[in-house]
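Note that the chains are named A, B, C, D and E in the order they appear, and that numbering of residues resets to 1 at the start of each chain.
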Amino acid sequence: MHAQTFFIAFFGLAAVWFGVAVFRTSSMVRSALALLFSQTAIGAMFLAMQTEFLGVLQIMMMATEMSIMAIFMVMYMMDPGGLGAMEMTHQKRFSIAAGAIGGGAALAVAVLTPWGPVVAQAPAAAQQTRALGLELLGRSMLVFETAGVTILTAMIAATAVAVRRREGKAAR
Amino acid sequence: MTAALIAALVTGAALFGVGLYGALSQTNLVMIMMGVELILAGALVNLAAFWRFLHPGAYAGQMFVLIVMTVMALEMAVGFGVATARFRAKGSVEMEEAGELKG
Amino acid sequence: MTTVAVLAALLAGAYAVAVLEAWARTGRMRPGGPLFAAAALIGRESFVPRKPDRLFFEAAPVLLLVAAVLAAAVLPWAPGLVIVDLATGALFVNAAFAYVLVALIMAGWGPDGAYAMVGGWRFLGQLIGYSMLIVMPITAVAMRAESLVTTVIVDSQAGVWNIVYQPLGFVLFFIAAMALAFLPPFDLPTAPGELAGGVEAEYAGRRLAVLRLARALLVVAVALATTVFYLGGWRGPWLPPWAWTGLKTLAVAAAMFALGGRLPRVREAHFLAWCWKLGIPLALLNIFVVGLLVLAVP
Amino acid sequence: MIHGARRGAWSGLRRLTARAQAQMLAAIVVPGPEVAAALGLDLAGAGLLPAASPRHASVLVVAGALPAQLREAAAVLYAQMMRPRAVMALGAGTLAPLPGADVVAELSQPALLDAVRRLRRAIAGGAFRRDAAGFDAPVLRSRTEYVCPMHPEVVRDEPGSCPKCGMTLVPREAQDEGGHAPDAVDASTGMEMEAGRGGGESAYTCPMHPEVVRDEPGSCPKCGMTLVPREAQDEGGHAPDAVDASTGMEMEAGRGGGESAYTCPMHPEVVRDEPGSCPKCGMTLVPRAAAAKDAPEAGHAADAASEAAGGRHAPMDPSGAEHSAAAHTGMDHGAMDHVAGHSTFMSMVAVTRDLPRSPDGLPMDWIEVPFGPLFPGLPGGLSLVLTLDGDTVAGAAAQAPVAAAAAAVADAGGRGLPAAEFARRLGAMDPLAPVAYRLLARRALECAAGVEPDSRGARARAGAAERERLASHLAWLAVFLGRLGLEVHARRSWGLAASMRGADAARIAGLAAAVRVLVRGVRRTPLLETRLAGIGRLAADGRLRGPVARAAGVAADGRVGDPVYGALGFEPVTRPDGDARARLAVRLDEIEQSLRLVRAAGVLDDSGVPGIGAASGTGEALVETPRGGARLAVSVERGRVTAARLDTPSTVLLERIGSLVAQCELGDALTAVASLDLSPWEVVA
Amino acid sequence: MSTLAQYALLLGLAVGSAGAALALYGLARAVGRERREPGKDVPATAGRLSPKPVWVRYHARYYGYALLFLAFDMEMAFMYPWAVVYRHEGLVALLDMGVFLAILFLGLLYGWSRGALRRQ
């Protein structure tokens, strides 16, 4: 079980390291892919925590989503290649302080709270997926349907603001 | 075993901190979204850790993770939609210019 | 031991796929071709373009290789002959395939060359098209098998193979799998006549060798996935199970190459429109039909 | 032994890989595979694999004599090939600046097969050598210049920051135009370099299209206006910007000095070049330096702007430790280093404001990407530079740098050329249609001399012209299908095109079945019609000729009304749509038609020189080349051609490329250009 | 094999294949080193040196699809667990997912009608 802790910590470190890299590079594609690898490391962490379905899902979803993020960054950032090494931050000191305080507070809670007994044995991976499916169709059914409506809202919102209608031309 | 839980929670906290820094310090809508993504990622880690180490029987915990993932995706979809509209209108997604150019 | 055996099978498959690809391109079957090609590439220079994103340029072929190997690692060749029989195998295959995109974006962005960059971003567009057509048919397969475990999926086809059970899903998956492995006619990111090699344009020598190896393994992984999900995996009379898997995989790969050489490269706009306006509704229909079938025919 | 060997002594591993490389010869053909096919070479049949990029190629095959411009381009390709690399020259003359050929052979398929054998031996035994020499050519020299990532028109010879936005300039290599030796450009000599180059930059821009920036004088590819030196443009062009209130920095930067700027004490972003009041708060504007002194923190933006405008810049200091405010219009710190927690933004609004907008309204950066002169899938020698807006073509500049046709005709001045020599030159000018142009010269000369050709000879010549059309259309089909990824058909088409060269009527009759199978196969290819429909639509007008015009519904054909063709039973083929699909259909039909015409003609002969003796006069003739009707007018004095005027179909096509590809997806644009089948050789400027 | 061992094996495979690629590089290195020559390191563009950087704001014309995709893709997260228990739950599951997919499909139709499904 020490191995498990080690891998959680290892991938956790990787996630944080990549997370920091997101804001330390001036190349936008690097930035987006750093975020991607941060998320992948989190997915690996999930695996180390034996939440297999969520881990694999995280690894899969984030690959495509963050790649799409990369193209949007390349579209809208001034210098996507980072060739000019331009500065893109403001209120840096305040932000660092806020980040440190926020992170520190969360850290304190994490370390200081008596979490009580920890469960050593996780349910089997296949059983997890089944149970999640049952949860989805059972108690959390409304949550699930609400998620559907939310996705619909997001689709409508994104399309409505982003896509310019062209007059005189039917959408092909 | 508590060490594993703590390791995960510490990661979540660190991600939260990094994300918060990013969201506050970046001048650009798209980069701010990256900060928010990191904050949400921190939440993901915590949720998964809680489920795994504290309540592995309660699958609402996993459901919660799924919902946060959905929120991440939707945040991006809407965010980029807004970014596209802004960029079309103003030629920029810088936040500071948002205020200046209103008048 | 299993791991070594499966890896050897994968390499053999990649070799056969390379022979098939050369056959599709030149019309000649040269059994020794890939060996010569590999030895030749290793002996050639491999230059990194000036001021590139060096990290991306170097990482892309390796990442593609890793993605292909990991995808193939959860796909069974025979009962027990699978490196990792993951509980979420069908999902994991998707996850590994998603990194093909990441690798190509890196390869496109890395060298700071126009052809490569256009190729890389084109593949992102392509993914937006085919991605749904990979996952949705797999969902239908999982519905029948009641599991995401790849070996269970093969077992679920004991009576009727999925190609018969859900032919619509098979067609969609097959097309999407070709697009995933950027095989012609979906070779938009490399497009020899349009982008002069595209994402591959700046790669040469040893890096190109790894890229080609990774691509061949990717084709094997894709064909193997098609076999496992739709063609009953190792099922078949007379021959040992692994031989059936190998044969079916090669047949799928050969079909993909043969088809690719006879179809014109698609236009990205067409591909996206077809995938979204036709493919996704059909994939949903497939899920619905399979859903009814699963309930009707226990 | 090959020139492009890798350096090193022989070892077991190297011997092994050298042998493998001799087996896997990936080739790039210059000027292009269509020329090779017209010369009767079937490269794939000789065991050469096609290489998509020079990085993948190990052999550079030179087919036929190369004009100087293409030799330079070939040298670039060669330089970008990976060692070990070799040059195979087939019937080529001078190769410089390419290094000498490693294998030389005649222009014929058997010679090619033999050359490939020799090349394999040379590579197997000479891929590595201790004394491998480097390759250099003037065309490869480049100097480093510094450019702003956001303002491509800002080009400097030394590092610094952009005067418009203050960003650090990025080094890039510029091709040297031979004017200055590359080592003379040294970043350290900053100022005097600038002076020495006559007022700084060698950048030229269009008065109407600021995004058009060229390194040499010329005309704008978008509107054709003469380009003006950038400095001149800057002074005039920036006046309107200065009135704009939105972004202080940008306009401030535009104007050299820092003296006459006024700014609002409260709103540093407001900068005017005359006194007045602030549009935001109404306060009276103060001279900028004073404002900065009064409110050092707020004066930031203006300060940065003035610095940027100052001209000389220190490289950006990332530590940005200290902020010395105010009147410092100086040089000691870059525009964008600021104390932490307080920073000035380079206005993206300013950057994008003047950019051209795509149809969807997004102002993006456009890049110019060369697709030629030696791009696989386009005719070799066609120099196409596409302005890419993402993967969409926003504009195109097409040129035919070879100018073989112009040279061939220009030679006919002065004392004049002997008629036979003139006909030979015209025939040699376009390797893709030698017969048609020889025939054209002959007809024009005969017309000038008033000679009537005998009918049997005329029929034989028509037959030869149709054979050439067959070969030409088949070679085009091969390139076109290869571009579309239809490898199976393309391969067959290559072989057939190459075997048409010099074939007699019986041989062509023997090949006819295979050709028909190919044509049927292409027609039946699924999705091909969908793929091509709507691409590269050209409306018919009076100037279009040949298959392109016939695909747009106009029966513009030089063969109509020709009694020889009338006797052969000729009817022009037309299609109404005018797109790439129609062009493919017309050419497929014409392939079959030419087969019929060749059979009807029975004899093929294009030999013989026009026997016009010492006649004088003027004559004009029209011949339907594979690409359309070419017209030649000649003046003959005592058997010598003293003046000639040539009008070719490709000249018109070249002009149309710009409008043809605008707003097309890149692949569609290239397909559209390829579907024209223009020959850069016959373009008359 | 315990699940953790499975994951470790996958990790090992990833590291191992990367190592194999590096080993191949090492072998190629033994053949010789690259030689710097003028023009060689410029990205290949069809016989013309074009040394300008191309890393600019790239206009991806499929962003309409991309925005829909970001949202639509999330449906997968729910569909896989659903598929696994589908037969067990029966018609209710079909109904539930039918409603969910119908809602999403509405979004798709909306995007279609607004012209998101085309090159922008």
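What we mean here is this: a contact is a pair of C-beta atoms (placed from the backbone, for glycine too) under 8 Å apart; a residue touches a chain by one contact, two chains touch by 3 or more.
Everything numeric in this text was worked out from a predicted model, so none of it was measured.
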Lowest number of touching-chain links that must be crossed from chain D to chain E: 1
Maximum centroid distance from chain E, chain identifier (CA atoms): D
Pair joined by more contacting C-beta pairs (C-D or B-E): C-D
Remotest chain, chain B as reference, centres from CA atoms: D
Central chain of the complex, centres being mean CA coordinates: E
Chain A-chain D separation of Cα centroids, rounded to whole Å: 45
Centroid distance [mean C-alpha coordinates] between chain B and chain A, Å: 6
Rounded Å distance between chain C and chain E, as computed from the means of their C-alpha atoms: 12
Chain B and chain D: spacing of chain centres that average the CA atoms, whole Å: 47
Per-residue multi-chain contacts in chain B, two or more chains: 27, 66, 69-70, 73-74, 76-77, 80-81, 84, 87-88, 93, 96
Sites on chain D at which at least two other chains make contact: 6, 13-14, 17, 53, 55, 83, 149, 170, 173, 345, 348, 351, 359-362, 364, 367, 369, 375-376, 390-391, 665
Residues within chain E bordering two or more other chains: 3, 27, 31-32, 35, 40, 42, 44-46, 50-51, 53-61, 63, 66-74, 76-78, 80, 83-86, 88, 108, 112, 117-120
Chain-chain contacts as defined at top: A-B, A-C, A-D, A-E, B-D, B-E, C-D, C-E, D-E
Parts of chain D lying in touch with chain B, wherever the complex brings them together: 246, 269, 280, 345, 347-349, 351-353, 355, 360-363
Residue ranges of chain B touching chain E (in the complex, touch as defined): 66, 69-70, 73-74, 76-77, 80-81, 84
Chain D residues within the chain E interface of the complex: 6-8, 13-14, 17, 30, 53-55, 70, 73-74, 76-77, 79-80, 83, 128, 132, 134-137, 139-142, 147, 149, 152, 170, 172-175, 358-360, 362, 364-376, 383, 389-392, 665
Chain A to chain E touching residues, read off their complex: 3-4, 7, 27, 44, 47-48, 50, 52-53, 57, 60-61, 64-65, 68, 71-72, 74-78, 80-83, 124-125, 129-130, 132-137, 141, 144-145, 147-149, 151-152, 154-156, 158-160, 162-166, 171-172
Residue numbers on chain D that touch chain C, as the complex places them: 6, 13-14, 16-21, 23-24, 44, 49-50, 52-53, 55-56, 58, 82-84, 127, 171, 173, 367, 369, 375-377, 388, 390-391, 482-488, 491, 525-528, 530-532, 665-668, 670-671
